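First chain written, first letter: the chains are A, B and C, and each begins at residue 1.
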Amino acid sequence: MTTKTYREAMHDALERALHEDPRVFLMGEDVGRYGGAYGVSKGLLAEFGPERIRDTPLCESTFVGAGIGAALGGMRPIVEVMTVNFSLLALDQVVNNAATLRHMSGGQLSVPLVVRMATGGGKQLAAQHSHSLEGWYAHVPGIKVLSPATPQDAYGMLFAALQDPDPVFIFEHQLLYATEGELDVDAPLPRIGEAKVVREGDQISLITYGGSLHKCLTAAAELERSGIRAEVLDLRSLRPLDLDAILATVSKTHRAVIVDEGWKTGSLAGEVAAILAERALYELDAPVLRVCSEEVPIPYAKHLEDEALPQVSDIVIAVRQSLEGRG
Amino acid sequence: MTSGVLTSWLKQPGDSVRRGDIIAEVETDKGIIEVEVYSDGLVEELLVEPGVKVPVGTPLAKIREPGETQARPEASAMSSATQAPAPALESAPVSGASGAVPPDRLRVSPAARRLARELEVDLAGVQGSGRGGAIQLDDIRAASDRVGSNARAPAPPALEPADTKARMRAAIAAAMSRSKREIPHYYVSTSLDVSTLSAWLDAHNAGRPPPERLIPGVAFVKATALALREFPDLNGRWEQGVVHNPEIHVGAAIALRGGGLVAPALHSADTKSLGQLMIDFRDLVERARRGQLRSSEFTDATVTVTSMGERGVETVFGVVNPPQVAIVGFGKIVERPWVRSGEIRATPVVTVSLSADHRVSDGHQGAMFLNRIESLLQEPGAL
Amino acid sequence: MTDAKRHGLGLLRQLILVRRFEEKCAEMYSLGKIRGFLHLYIGEEAVAVGAMNGLAPEDNVVATYREHGHALLRGTSPEAVMAEMFGKQNGCSRGRGGSMHLFDVEHRLYGGHAIVGGGLPVAVGLALADKLRGRKALTACFFGDGAVDEGEFHESLNLAALWKLPVLFVCENNRYAMGTALERHESVTDLSRKPAAYGISAEHVDGMSVRAVEQAVRRVAERVREEQRPYFLEVMTYRFRAHSMYDAELYRDKAEVEDWKSHHDPIAGFIAELRAEDVLSDAELADIEADVARAVEAAVRAAEEGPLEPVADLLKDVYTEQQGLA
């Protein structure tokens, strides 16, 4: 067990995967000489050469599509898209090909493709580099969507994704790269579709994922000082969602606040709330609340960006609102 | 018949109408049909122009009832009128918390409502501590702990006995009138050999103290409930189409001393053992006669079983209790000469009947259903 | 029978098979047995027949939504293709794809793509895999003139050239992007000039001559596999039928269509050629027609008799392992 940053954990996972499986190769914009826009693949070009660490032209649709084709052709491509915002240029390949080919071919094809990309805001990058669109991806059957929030999950989920025979999308919140955590490279792999209670509590459930996990943990610690015991559930897998874990935590606490950096309208948080309404209504002791981004393109100026994104204080307020009248 | 053309209005906005008045004429494939009004009031608005074809059930006009400030759609096309005062058997418990806020209007969290039911806490007596006075789990726990049973099911405000009786009569009148007005009934019946059942019950009851003994009625309820699993239409309701109820709650018709009738629900009767049904049934009878039934027990039944055996009649054809679509009747068990394997033998026989809503099912299905009850009763050990 | 004659009759049989099969498809469509979109290849048969004869079995094929012929010629049975269009379980895609999504991995047919241009990146990826794995095979990517408008076309040519990937781009230029004529959707209508911008060699081929297409593809395919770099063929052809069923064809003259049908029919033309060479008798032609008719009837029978995929299997193959998704 060592302490690593999220960036180092993902780097180490890529390095190990490239060592262990000759079918694995990495491609994307500036993954080679530049070392990756977020520095994740630094040094890999020197180690594995340009055949396996492939800098691509700026053509998201075609290099994601080429990843699909290479997966069909027997390789295990890892495609890095610089950010989720750019991935919109590749949505045709994702939604019309990666997600459909297996079913549409009557089970003849499978697309063992891994696509990684950065997501989220908080670095004053304005409206074309700050959005959280992983919820859109989670809408699409045929692909799987992961959102590791810790170095351990970043490391483990890459292997879980590589072992999966279907296309897996890994969303890495850009604020997480510099965060540190324990990494046990020999830990069992996470199972896709499994959420995790990362903090126990019995009065309210904070249901979240990715970059919002740390905000929830901070909020929970703050709430504890006023005697409020919040449970924090890290969804980790946005498709498939871990229904059992969602229902279990709410059956325990009877209250839920869902924290999601996507916009509230049509959000993944809305999906979780709908699940609770459909399957856990009689467990609920208060309305389900959502803390999401404001309905605005994320602005540049710091004070405006802070206001637009979910913050620890928003989470604390929502929890207190849900608990109003208690104790 | 699924639709008709409104041919003429016989009343205009501003006209006052009395229950039973004819307000419009509708032409259908079965000829001209008169549209009757089921309440007194003032015609506020006509919703459909003459010449327009409308599906059955379309509101045709708004009628403001005396004392109402806002009109409700009334006079629906061809008889499926919006009901006048809610049928009392469904919503007016004989011993409800009259005068208090009805429990379903309170702000209660879903979890708290469920816990209140489990702990038998009357929500009307609980002070909510949540947002907007919402009753939450802690409020229910506190109410349950506070004074032990005092907080539970507080005695209803006393009603004059005559008053109670009159209200019940009115409730039965409303429900049965609605049934006969709206539900095209059909009836089928058959007599069946219950020698196996009688022998099985005798053996089961031998040596057991009276409280543990089973009566044929619970076997009838259980057989009916099991048969309904295979005939979900008969456990449904009619809402411009058949809607199946997900669970089978059998209303057990219970005659009250001093007159009147209730049919509270034996919940999920198809999943309960005969022993459990017996316990539940005794409990219902006891509370029904004390006037302590819960409101859900009045509203939850999805079908009714009426057993008139102890009244000495052999056959009963019930009136369907809306929104249910079937009522199953069992008569007295009588010894009759019965031919079996070419031999005439004295055999205990019961006549079972079905009254059912013809919109939902047909006589053929009804007959199959009774046959299924018969075969289930031939294997009482499996009930 | 000489090899040349045998080969010629073989090509003719394939041309006629595709034509008669699709005529039967139109009939089945009018009977309501086939639903959805049905894009017929009638008029363009020489392109796929020639091309498939010029490719090797180990080559990959990526096609468009007008791909019944490509599948049949690649080796997918008429039964499996017809059953697919009938939505049956014995269809090549188990009734999940229909006319536009024929797949046959055994014969390396990777679809059946109905997003114009969407197949090109996949073809580039298949070629990349082959290159990385050291397979001596190419990927033939078929697309229409409309796909040349798409960004994915340019991205894919660029990437294939940049990475020296064995892709044979086959543009089936039938002069219309659905209902929009070539000169109304392309600023430069000589499509063979586009690849030059990416350093890819290109040439025109007469798509109404099965021999011209076969020879060009065979020659070029050899080069693509040897040199490990892409090549571009612009195959000039014409669609005799509507874009899809129930297309009123308001965008082109009936006279234009008639002219192509009467003067450039690839089948009539090839029959005339074979007759001129004295290698096709009336009896042989009648035999081919009878043989094809039997094959088409057998396909319809198999499709009629084929079972439906159980509804319980609706979610099968959304993922490799079916799982409890919300």
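Just so it is clear, a residue touches a chain if its C-beta (ideal position, glycine included) is under 8 Å from a C-beta of that chain, and two chains touch if they have at least 3 such contacts.
Please read all numbers here as calculations on a predicted model, not as lab measurements.
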**Asked** What is the shortest path, in steps, from subunit B to subunit C when you may only step between chains that touch?
**Response** 2
**Item:** Chain whose Cα mean lies nearest the overall Cα mean
**Value:** A
**Message:** My parser should flag the chain pair with the most contacts; which pair should that be?
**Reply:** A-C
**Distance between the centres, which are taken as Cα means, of subunit C and subunit B, whole angstrom** = 65
**Euclidean distance of C-alpha centroids - subunit A vs subunit B, Å** = 52
**Prompt:** Any idea how many Å lie between the Cα centroids of subunit A and subunit C?
**Reply:** 40
**Complete:** Residue ranges of subunit C touching at least 2 other chains are none
**Prompt:** For subunit A, which residues count as touching subunit C in their complex?
**Reply:** 25, 51, 54, 56-57, 59, 61-75, 77, 92-93, 96-97, 101-110, 141-142, 144, 164-166, 193, 239-241, 243, 271, 275
**Fill in**
subunit B partner, complex, touching residues on subunit A are 254, 281-286, 321, 324-327
**Message:** Please output the residues of subunit C touching subunit A within their complex, sorted ascending.
**Reply:** 60, 91-97, 101, 103-105, 110-113, 115, 118, 120-130, 132-133, 139, 151-152, 155-156, 158-159, 162-163, 316-321, 323-326
**In the complex with subunit A, residue positions of subunit B that touch it** = 109-114, 128-131, 134, 136-138
